[in-house]
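Given below, in the form of C-alpha cells, are the structures.
Note that chain A is present in both complexes that follow, paired respectively with chain B and with chain C.
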Partner chain A sequence: MVQFYLEGDRISEFVAHLMKQKPVYAPHRKGQKSFSFEKTENAEDVVLDYVRTMHSIKKYFLPPREELLHFDLTKNESDPVEIPMSEAVFLGVHSYDLAAVGRLDYNFTVGSPEKNYLTRRQNAIFIGVSFEPDKFHFSGSVGIRPEDSTGCDIFLTKLFDGYVLEILTDKGQELMEGLNLPAHDAGKPATGHFHQHIFVPQAKLSEVMEHSYDNPVWEETAGKCVGCGTCNLVCPTCYCFNVEENVDITATKGSRERHWDGCMLREFSEVAGGEVFRETLAARQRHRIFRKFKYISDQTGQPWCVGCGRCTTYCTAGISIVSIVNRLIGDYERAAVAPV
Partner chain B sequence: MNLSELKTPAELEDLYHPVMAEIKEVKRLSAMETYYRVELPGGEDLGHMPGQFVELSIFGVGEAPFSISSSPTLKGSFELGVRRAGMLTDVLLRQQPGTKIGIRGPFGNGIDVEKFKGKDVLIIAGGIGLVPMRSMINYVIDNRDQFGKLIICYGSKSDQDLLFTDELAQWEKDPAIDYHVTVDQGSDSWQGNTGVITTLIPGLDLDLANTVCCICGPPVMYRFALLSLKSKGFADENIYMSLERRMKCGVGKCGHCQINHSYVCQDGPVYHYPDIKSMQEAL
Partner chain C sequence: MADKPRVAIFDFTGCEGCELNQLNFEDQLLDILAHVDIVEWREAMDGQVDEYDIAFVEGSLSTPDCINRINEIRRKTKVLVALGACAVQGGVNGMKNTRPIDEVRQEVYGDDKYLFPTLPALALSSVVKVDYNVRGCPMTQIEFLKVFTSLVMGKEPIEPDHSVCVDCKLKENECVYEKGMICLGPVTRAGCDAHCPSFGQYCTGCRGLVSHPNLKGMEEILVEHGLSVDEAWKRLELYNANELEGVRP
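And then the complex of A and B:
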C-alpha cells in the first residue's frame, strides 16, 4: 500500500486534479449546519471534514425520481429510457455510506439483477474519508469503523489539517497520476470514539428481534411517531420505490416514473379495495426496524442498518433507532434471566 | 456481492418494460367484474402456472398486478378477471377488443401442481378469489387423469356477484366435480345455500389423508376457512393459500408486497400454510 500526505492547503489542488479527469461528486456545505453531496463546480467548495450529509450517495445510483420508460399516448407505444453510465468520482464518502452501497448492490442483484441501478453503479470510483463520530453515529456497533476503507479506491484519514492518502486500487492509482504528494511513512492516526452503541452484535440481534415481535416499545414509539417517512427517505439502505405515470401538459406524451417510497407511510401496504396490511404505526415501526436488523439480515448475516444515525438525526419526533434496539435487547435479556 | 461477476448492465433485461398485448375479448362478469382475454404478440403462450399473476399497464394511467384466470392448458391467449377498484381498472373497463395493453410477467411462484397430483383437490374460493383459483380448477379439469376428486367451495356476496356463471353451471353438472356454492345474501330468486363460505366446509365428504387444499379469498376469510378445515381434521401440510399484497414491481425490488421477511411476488403469492403459520403479518 502506498501512502502520501495531502496537506490542508493542497486539498483544492487535489480536487481540481480529479475534476480534470471525471465529474466529482463531493460534500458541500448547505446552510450553516447541513452538508450535501453535490456535483463539484469549484474545487474550493468541497468540504471533506463534515459530520454527515442529509442524503447519502444512494441518490446517484437510485435517484429519488427516475423515468423507467417514455410513452406516446397517440400511438400507444413506449420507448426504454437511456440510463446514463456514471463515470464519476465520489469523493469524501464515509465508511457507513459505502457499506450502504454494498447493501444496495445486494438488493439490486439478488434474484433479478436490475439494469437501471447497475448501469449507474458500475463505473463509480470511491474516495473515502475518515470521520469523527458525532452524538448520533453508531456505525461501530454494526462493524463499520470510521477508518474502514472497504470498497474505496483511495482513502483519506484526517491528520492535523491534512489527510493521509492511501491508494488502494489501480483505478485509484490512475486517478493520482500527475499529482505529486509527499510520501507518508508514519502510521495512520487513531480515529475517534462513538458516543452511541448497540449493546450486542448482529448474530445476537436476530435472536433478540425474534423475541421482540410483541414488545410494548412498538406501541410506545408509535405514540410519538407522526408517520412522516423521513426515516425511510434519509436511510442509505432503504430502497423501496413506487411507480407512477407522469403525463405532460399536452396529454400526448409522458413517462412511467419511479420514486422513493417508505414503509412508514400508510399507503405503502395498501391494496385495491382499501385493505392496508400494516395499518398501525406500531406495525410499521416494527417492520422498519426488522428490515434493518432481521429480515434481510437473517439471510445475509449482515445488519441492513449501517449506523449513520440519519433516521435519528432527522426524525421530526425525536425517535432514536439505537434506543429502540437497546430497549429490545434489555427486555430480552431481563426476560432471559427472570425466574420462571 | 461482487459486481464484476455479473453480466455487464447493458446486457441485462429491462425489468420494467412491458410487452404490448392485445385485448381479444371483453365480457361483463358482474356489476363489478369484467373478463378479458389477452393475446401476446404472435400469439405466444404466457407460459404461466396456476396462481401466477401479471403486471398490466395502460400508458398514462398506471400499472397493477392481476391474477391470471386461465389455465396454462389454454393456448394462444390468457384470461383475466378484473374487479373495478380504482383508476386503472376504470380505464380498463372502457377498453374494447383490439386495444393494446402493457403486460409484464408472469410473476410469482404459482401453485406447485406436483403437490396436488394424485390427490383429491379442494378449492376454497371467496369472491374474486375465484379468478386465480379458476386457473387451477381448469388445469385439473384438463388433466383429469393426474388428479383425484375435484371439490370446489365457492362463496360470494350475493348471487348477482357470482362470476363465470356458465362455467359454474358446468361444474355443478359435472359428475366428476363436487361443487358447492353459497352466497352471503341471496336475492328472492336464489335457491341455493345462504351463509358465509365456511358453512360449506363441515358438510364436505373428504378423504383427509389424500386431499390437498388451496384457498383464495378476501383477507378476512383465511382465518375462518382455516378454523373450519382444522375442525374437520384437515392437516396443515395439506393446505396452500394464495395471498394478496401490493406487488408493485413484481420482481422483488420495490418492497411493497413484503410479509415479514417474504416478498409475496417472489416467494408467493401461493404459500404452503406451514411456512407462513409463524409469519404474524401473513393472515
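And then the complex of A and C:
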C-alpha cells in the first residue's frame, strides 16, 4: 500500500488539484456551529476536521427534493427528467457515511433497481477521512471504525499536523497524478475511542428485537417524542420518499416531484380514506428502530444503522437511539435469567 | 368556454395583512385573474354582489355582527376558504380568550365597554363550515397558489400535516435551537417552506399545530431549553389559544 504525507499547509493545494479535474463536494462550515457538504468553490473553505454534517452525502444521490417528470395537460404529454451522467469527487467522507451509501446501494438495487439513484451514484469517487468520535458517535458498535477505508478510492488519516494519504484504487491513483507528496513510512496513529456503545452484535440484536415488540420503552419514548420527523430526515440510511404532483398557476403545466419522507410522521402512514395504520408515536418509534435493527437486518445480517449519531444529535427532545436499544437489550437479558 | 368562477374576498377581525398579501402577487396576479372574476373585495374595489363561487375570508370572529356576516357569506358561496391564522385558528386575537371576556372589555374600553359587545375571538370553523385553509400570519403565498390552482382545476387541495422541522431539514437549515433560540417548529404545521427559520428567525407557530401534537412533549422541550412552564404555554398560545383551551395544565 502506498502512503503519503499530506502536510497541513498543503491541504488547499490538494483540494485545488482535485478541483482542476472534477467537481469536488466536501464539508464546509454552515451557520454558527454546523457543517454541511457543499460543492467546493474555494479550496480554502473545505473543512476536513469536522464532527458531522446534518445530511450525509446521500443528498447527492437521493436529493431532498427532485422533479421526476414535467407534464402538459393541454397536450396530455409528459417528459421524464433525465439525470445527466456526472463524475464527482466526494472529499472528506466519514466511514459511517460511506457505509450508509453501501446500505442505500442495496435498497436501490435489490428488487427494482432505481434509475435516478443509480445514475447519480455510478461514477462517484470517494476520499474518506478519519474522525474523532464525539459524544453521539457509536459506529464502532455496528462494526464501523473511524479509520475504516472500505469503499474509498483515497483515505486520509488525521495526524497532529496534516494527514496520512493512502491511495486505494486506480481511480485514486489517477486523481493524484501531478501532485507530488512525500512518502509516509511511519505507521498511522490510533483513532479515538467511542463514548457510546450498543453492547451486543447484530446477531444478538435480531433476537432482542424479536422479543421487544411490547416493550414499555416505546410508550415511554413516545411521551417525549413530538413526531417532528427530524430523526428520519437526518438519517443517512433512511430512503423513504413521497411523490406529489403540482400544477403551476397556468393550470396547464406541472411537475411530479418526490421528496424525502419519514415513518415518524403521521401523514406517512395515512392511506386513502383517512386510515392511519401506525396511529401512535409509540408504534412509529418501534417501527423506526425495527427498520434499523430488525426488518432489513433479518434479511441481510447487517444493522441498517451506521452509528453516526445524527438522530440523537438533532433530536430536540433528546431521544437517544443508543439508550433505546440498550434498554431493550437489558430488559431481554433480565427476562432471560428471571425465574419463571 | 364556461364562465369563470366568481371570487369574493372578505375580512373580519384582523390586520388585513392576508388580503394585502394577495395584492402582493405581483408576478402571478394576471395569471390569477385569468382564471377567475373577482366580484367583491372591499379592500381593492367597490360594490357588493348576491352570489359567488369561492369566498376567501380573512380574520377571526369577535362580535355578534361578525357571526351574522359569516353566516350570510356561507349562504352565498359554494366554497369557503379561511385565509390566514386569524380565520383558520383565531390567530393572535385568540390570546384574549385566555382571560375572562369582561376583564378584557374593561381593560380595552373602560366604562364604555357596554357599547362594544365583543366575543371571544373565534376561528371561522367554529361557526360555519370551512372547506379549505390557507394558513400563516400573514397567509402563506405558496400555499394560497396551491389551494387556488386546485380549486380552479376542481381538485382537492392537499393540506400538509407535518412539522416545520421537515421543511427545515429538506433545506438543511441549521437548527434554530443550535443558535440558542426557542422554536415551535416541532409541533407547527409545515407548508411555508420553513420561511422564518430559513431567514434567521424562529418559528412562532403561526400556521397552527399539527393535527395530533404531543403538547406535553413540546412543553418539556421548551422547558429543557430555558423557558418556564408558564412561558412555554404562553409561547404556544400566541397563535393557538383556541386549540389549547382546556389543554393547558
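We adopt the following convention: the second predicted complex is superposed on the first by the 339 of 340 C-alpha atoms of A that agree within 3 Å, B and C clash if a C-alpha of one lies under 4 Å from a C-alpha of the other, contacts with A are read in each partner's own complex, and residues count from 1 in each chain.
Keep in mind that, in the parts below, contacts are C-beta pairs under 8 Å (C-beta built on N, C-alpha and C of every residue); 3 or more make two chains touch, one makes a residue touch a chain.
Values in this document were obtained by computation on a predicted structure and should not be read as measured data.
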item	value
Chain B versus chain C as contact partner of A:110, first or second or both or neither	first
Which superposed partner A:256 touches (first chain B, second chain C, both, neither)	first
Partner chain in contact with A:226 - chain B first, chain C second, else both or neither	second
Which superposed partner A:324 touches (first chain B, second chain C, both, neither)	neither
Contacts of A:101 with chain B and chain C, given as first, second, both or neither	neither
Most chain A residues touched (candidates chain B, chain C)	B
Partner chain(s) touched by A:234 [first = chain B, second = chain C, both, neither]	second
First, second, both or neither for A:244, with chain B first and chain C second	both
Chain A residues contacted in one complex by chain B, in the other by chain C	244, 247, 251, 270
Residue ranges of chain B in contact with chain A within the complex	1, 3, 6-10, 12-18, 20, 57, 59-64, 83, 85-86, 89, 99-100, 102, 219, 244-246, 248-249, 251-256, 258-261, 266, 280-281
In the complex, chain C residues that touch chain A	28, 31-32, 35, 145-146, 148-150, 152-153, 158, 160-163, 165-166, 169-175, 177-179, 185-187, 210-214, 216-218, 220-221, 224-225
In the complex, chain A residues that touch chain B	68-69, 71-73, 76-78, 80, 83, 102, 105-116, 118-119, 121-122, 213, 239-245, 247, 251, 254, 256, 258, 261, 263, 268-273, 275, 277-278, 283, 287, 290-291, 294-296, 298-299
In the complex, chain A residues that touch chain C	30-34, 36, 54-55, 59, 64-65, 222-230, 233-234, 244, 246-251, 259-260, 262, 265-267, 270, 281, 314, 316-318
